[in-house]
Amino acid sequence: MPDDETTPTSEDTPTSEETPTAKETAAAEEIAAEERGGDSPAEFLAETAPETVAPPGAPLLSVRDVTLRFGGVVALDGVDFEVRTGEILALIGPNGAGKTTCFNVMTGVYKPTSGRVEFDGERLSGRKPHIITRMGIARTFQNIRLFPEMTAEENIMVGADAHHKTSVIGALLHLPRHGREERDGRRTAAELLEFVGLEGRGGELARNLPYGDQRRLEIARALATRPKLLCLDEPAAGFNPAEKERLQQLIRDIRDLGHTVLLIEHDMRLVMGVADRIVVLEFGQKIAEGPPAEIREDPRVIAAYLGVPEDAA
Amino acid sequence: MNYFSDRWHDLLPNLGDLVVAGLTQGAIYALIALGYTLVYGVLQLINFAHSEVFLVGTYASIIVWGWIGYAAGDGNPVPALGTVILLLGAGTIAASLVSGGTAVLIERVAYAPLRRKNAPRLIFLITAIGASVAISELVGELTNRRPWGVPLLVEPKTQFVIDPGMSINPAPVTNLQIGIVLSAIVMWFLLDTFLNRSRFGLGIRAVAQNEDTAALMGVNKDRVIMLTFLLGGLAAGVAATLYNLKIGTISFNIGFLLGLKAFTAAVLGGIGNLRGALVGGLVLGLVENLGAGFFGNKWIDVVAFVILVIVLMFRPTGILGDSLGRARA
Amino acid sequence: MLLEIENLDVHYGRIQALHGISLSVGEGEIVALIGANGAGKSTTMRAISGLRRPSTGRITFGGEDITKMRPDRRVVAGICQAPEGRGIFSGMTVQENLFMGAYTRKRGAQLNADLDHVYMLFPRLKERRRQPGGTLSGGEQQMLAIGRALMSRPKLLLLDEPSMGLAPMLIAQIFQIILEIRDQGTTILLVEQNAQQALSRADRAYVMETGSITREGTGADLLVDPAVRDAYLGVA
Amino acid sequence: PSDKSGDNGDGKSCTYKIAMMGPITGDNAGLGKPILQAVQLAVEKHNSAHADKCVTLEQADDKGDSSVAPGLAQGLVANASVLGVVGPAFSGPTSATGSIFEGGKLPIISASATRPDLSTKGWTTFHRSLGNDASQGPAVGKFIKESLKASKVFVIDDTSDYGTGLSEESKKALGSAVVGYEQIQPKQTDFSAVVAKVKTAAPDVVFFAGYYAEGGPLAKQIKGTGIKTTFVGPDGIKDQGFITGAADAAEGSIVTCPCIPAEKATGTFAADYKARFKEDAGTYAAEAFDAANVFLDGITSGVTDRAKMLDFVNKYDKDGVSKHIKFDAHGEIAADQIVIWTYDVKGGQIIAREPIK
Amino acid sequence: MTTLKERYYAVADGVRKAEAGRQKWAQGLRGRWQSIPKPVRLLAGLAGVVLLFALPNIAIPGIPFRTDEIPNGIGFSFVLSTIAIYVLVAVGLNVVVGMAGLLDLGYIGFYAVGAYTVAIFGSPDSIVATKYPWLICVPIAIALTMVSGVILGTPTLRLRGDYLAIVTLGFGEIIRLVAVNLRVTNGQRGIPSVPAPDEAHVDWNVFGWFRIKFDFDLDIFTPMDARPYYWLALVLIIVVILAVRSMERSRVGRSWLAIREDEDAASIMGVESFKFKLWAFAIGAAIGGLSGALFATRNVFVNSGNFNLLLSVMFVAAIVLGGQGNILGVVLGTVIVFYLPERFRFLSTKRELVFGLALIVIMVLRPQGLWPSRRRARELQDRKLEAKEAAAGA
């Protein structure tokens, strides 16, 4: 960040101090907020948006004919679809259809039995998780997995560190980059906290946040890695309708920042309200793909998944 | 190359004897390993004090034999079969009771208070070490730090001879060796059946995997944990008696190395897995004895630990993997 | 009343999660408990099962004071919970998980009949009978958790967000099953985010906010209460 | 152990100290005890005779362990009132601490460390009041070949300074009679691998160069497999601990030692010892008594610092209870004073047999 | 009814207030210390350091803390120097265990490598007999231990939790046992006459071009007086602690923390966990090597008995007892674990029994350690209170 050196934050937080107290963080956040002069998300696009993005509409991630077997269970069976830059794609399907598994293949947790996954023109399988993150994929978990004993701010800074380079020698000798990156991390944290609606909570331990806030913090942490593609696995699980409403807005905001979003969710109101396109899996196979309006009417999807459309009403 | 052919030449004639001796020693490791693996499976805790649970068992059986009238060096002739069975029975029961009791005592004194405070597992490790040091030192004080000899109860008699021919010497297999290996297998079988078939066994496995849900299903966690320690102690008691018969000398500080080896065996086989403890014990005993025959006796422990490291490199959760533990995060 | 809670306070560390809540569940009822995230619903459930000890207050079950009873005793007394987060024994097979539900019961023909019943309700589980619980999908685990709770044949069944992570079709099915269980004589206390569904099936319901109970009434009444509609039923 | 020896009767503590260093606890503590007690006896005798020049005894418990010894040695060296050390008892600790005592110019007289090269490391402060393994080794060889008429001998040592030194010397002496050689680890308990080799070699005699803590179980396990062979061990197993450790298997073993049986010591030593400690004087008690008396005589004769003490020790020339004490330039006893004894294990006792001629 | 947002945050506010209150309570002293003006704090710290340096010369009548004031006690400065060396070991181990959360039970192996390196290259009695001065041996020792840290770490660090613990324990034993059996280490018998830091006896012929010849011995470091060793160790401790601290408060420290909390999540968040774990290992190893080098020269003699497993485990005990993660706590723990047995030498053979019991009692009463880091204290306090409210039977 070229203007870092001149921001007031840099003077307020000497690098050698220990992690700032809640008060300090709050102050830093205030300053950061003032500096932006408002809440408009467009202002910190620069902070979290990916550096280079393919033109909108071009395939960002493609799943090509992926099959995955666990012993006798065929979890994925020739699944083939793509996520396009700038869209919100929802992945839905009955329980055990293979959505989470598909996710895990995409993020490098599982290696497909056959087929391949390409991201931004590069092959993904076989790469280490941290490399995949640096390539631009971030995710949240079906069961929350924050660093419970770290503060909200620290959680986000860990995400921001994905693009930092300070290592042992730098930290040991307090090289200038170390200070610069620390300041950058704090600023990213402050901005993202505000973005997801957690302003002022940077100093709290993650484990002490209410459930909904933890979900939001997880999203903020993922955003801090500046992902091109953000993958959300059932982010609305355990939310009530009003909260889902808020989440829906948040997901839209994220897309507006320039991130592509892949969403697994069982709540049809949320999915239909936010997704640009939907891919439907059943028994490990893709049975439909298209815009929400189309999917809603697709008889196969209704039979396999939606059932009587009472729920969507 | 010359080195290796020389070593090989050293090893070859003794191969049969070493295999037999290795399996015997391995059976004792296996029995102690059962205790480590049980406790580990349930509490994810390396019960460092288990070596002392074993230790007190060795003393218990000797003391009981002394009461019955068979002490080391008292010039008594090797007793007749009936007496031997009586002595072994009494010794094993005494050792198992004392070991089991000690295990439960350790649980109550050194672990239960920490469990109540929900302390991280590393803390348990430290109190375990404390308990281990305290018990072994207490035994040291009580025995004047002198080794104790074990009376000769069973005259080793060759039951059959393995004669593989070639340049390998025929290896006699004694009644004692057969008994030791069989005991280990029987003990494992009993425990394994208990864990997999009985209701309590199911409870133990449930607590191992998810304490809270186990409580929701009606499992009394405290009782399960005590039971686990008790079972491990019983197995250690059996091991203690067999150790007495086989090694014949005990001392207050034998626990440490033996416990370490047994724990290694448990990890080798896949800690948390009873079958793993058996396999790990036998493999460890076998490999270290063959290694000692090949490289020379002084390398015996190096061989033991090197094999552990090698196995874990290729199978990060041991030969059979862990089974009481969790499968997917 | 089968279950009665009076004036319950529960803390997590220094955080107070429940502020003197009182509620009751009558024999044969379905009672729903709804509220925002962090309102204290799960905490209430844990307190009833005995996983959390209240700092003050009283819980009685079938007339007996169980406030200090150990959780395993409560199961014997007839309280069983399908917890939030499912609590699957990941290393045990599906079938073993189900048997864990019947831990306090005697083995026998009755048990096997119940097992068949669960398999009938969730055929997917029967298919995966020998698969370790930990490798099931999220929704399959949810089915397993509910099935397991049924296996204990409780007098009072506590369901903490049973619809979480389930596909729409299954959600409808789950609520159907809940009604069936009730009809077979089991009392049910149900925590749900899916307030619409929950309220329309419940005999009575409570609304929780930040650790207190703010409203109670029949399911039908709450369903039309504008404040409830506004907060929990969404704007649709 | 009592610390009474430090008082001169009226509770005033004394100006000068001598120290005993050796295993008071540890696996082989049995070997340290007679040495400690003999020194104690000597100090008590001295203090009652010379109340004006009374001496305090410092006990430095090295557990017979080389890794413990250096710290203790530095402690002794730093304490200026310590004028002499009886010990270290074992060869390992002695070789670990030799350069420390040398650096502190603190004279030491070991009553039991037998590794030959201890005297040739250039340490001017080192002395010992007994013969070393360069004598014991050949004596063992001679005895095994001539008295036991054995033609096949299996040698085992424990990798210690003492064990390796002695096994080397005895192998030299045994020559072609050696049919096998193995090493065991201190604290090892299962000797199956060694026993297998012994069985294959089928020796008439197994000679074990090491201490009783391992010697006992080793003897027991060798006998346990039914091999008919005579177990011979050196001074390191000459302790009751060998018998308790080997139990019935100890019977019939033979022990060699560069120590005289206490009852053969001159004067009233054996009786005094027994009167004071209610037990017979054990291994190296007489030698330790002599070593202590060298220092005590020095103090009696007015020595007040280490330099003078060293000088006094080097010039010492007097009969002790075990032999005539006079050190050569290396700190060794004259060759004609050295006698290696053999002992039988009989009826659970170690009983003097005869000196090896 | 209030708005959703208000309701939502009412709970969170409660959480935050309670948390703030608790932090204040838990920190009590620390807060007061922090409120003292900085120059005063600095001065106090300085005074503390001065006191530490003066310690071997201090005796307070009536408070017999000196180990040489008890029967059969060992020289106080000698004990101090041992403890200081062990503190250095513990500070290094704390990087691995306390910060990165890697349970390394074989850490003693690195300490051994450091000590043996100095003994082998420095002592005239070793078979290589290069007789390098101590000051030259130290960098060699550090380099070698770092390399061995990387060699051990590369294959083992993919193991998790207790498997890592047992493999490191195995490696620690292997290093010791190999030392028992190798010729360069002179087996069981060990290597005596390790040079002092202030002596050099060098006669090198560099490529036959010129000759370097030193022969001096300042006689500051002698077996008679352990104080210089103690002071040297103190200086090294201060330097190492400062270095470790600045690492802790950086991306590196944060990564360690994240790995400790949830390694999978950390690597999915872009933390190169292997690299950072390896760094932790290497840094820990280097510090271990340095302390080993210091130990070898102070002890003059090195053999495998100095590096037994129990000692290794004791270091972990010291760290946990003092309070893992907090360097000052670690120092305190080490001092207690290694000082008390010296102080209680008069208990003679019973002192280890007492020590074992003390270990249990202390840990049961204070599972968070005597002086834990703020983070750990909070964590433990939470867990404890939670456990208390959880039912008695659960």
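Going by the order they are written in, the chains are A, B, C, D and E; count residues from 1 in each one.
As a convention for this text, contacts are C-beta pairs under 8 Å (C-beta built on N, C-alpha and C of every residue); 3 or more make two chains touch, one makes a residue touch a chain.
Heads up on the chains, UniProt names are A, C = ABC transporter ATP-binding protein; B = Branched-chain amino acid ABC transporter permease; E = High-affinity branched-chain amino acid ABC transporter.
These numbers were taken from a predicted model, which means no experiment stands behind them.
Participant: Give me the chains shared as neighbours by chain A and chain D.
Facilitator: Neighbours common to chain A and chain D are E.
Participant: Give the chains in contact with both chain A and chain B, ordered by label.
Facilitator: C, E
Participant: Can you name the chain whose C-alpha mean lies closest to the mean of all the C-alpha atoms?
Facilitator: Per-chain C-alpha centroids ranked by distance to the global centroid put E first.
Participant: Let me have the rounded angstrom distance from the C-alpha centre of chain B over to the C-alpha centre of chain E, please.
Facilitator: 33
Participant: Determine the centre-to-centre distance between chain C and chain E, using the mean Cα coordinates as centres, and give it in whole Å.
Facilitator: 50
Participant: Which whole number of Å gives the spacing of the CA centres of chain D and chain E?
Facilitator: 38
Participant: Indicate the residues of chain D shared as contacts by at least two other chains.
Facilitator: Those would be 25, 159, 185.
Participant: By the touch rule stated above, which residues of chain C touch at least two different other chains?
Facilitator: 15, 36-38, 50-51, 70-72, 135, 230-231
Participant: If you look at chain B, which of its residues touch at least two other chains?
Facilitator: Residue numbers touching two or more other chains: 145, 212, 215, 220-221, 298, 301.
Participant: Under the touch definition given earlier, write down the residues of chain C that touch chain B in their complex.
Facilitator: Counting only chain C, the residues touching chain B are 49-51, 70-72, 75-76, 80-81, 83, 87-92, 96, 99-101, 103-104, 132, 134-135, 148, 152.
Participant: Per the contact definition, I'd like the list of chain C residues that touch chain A in the complex.
Facilitator: Going by the criterion above, the answer is residues 15, 34, 36-38, 84-85, 124, 131, 135-140, 142-143, 161, 164-172, 193, 195-196, 230-236.
Participant: Note which residues of chain B are touching chain E in the complex, please.
Facilitator: 40, 44, 46, 48, 109-110, 113-120, 122-123, 125-127, 129-135, 137-138, 140-141, 145, 211-212, 215, 220-222, 256, 260, 263-264, 267, 271, 298-299, 301-302, 305-306, 308-309, 312-313, 316-318, 329
Participant: Quick check: in the complex, which residue numbers of chain E touch chain D?
Facilitator: 68, 71-72, 74-75, 77-78, 82, 180-181, 187-190, 192-193, 222-226, 299-301, 303-306, 348-349
Participant: Where on chain B does chain D make contact in their complex?
Facilitator: 10, 13-14, 17-18, 21-22, 24-25, 72-73, 75, 145-152, 156, 169, 246-249, 251, 253-254, 257-258, 289, 292-293, 296-298, 300-301
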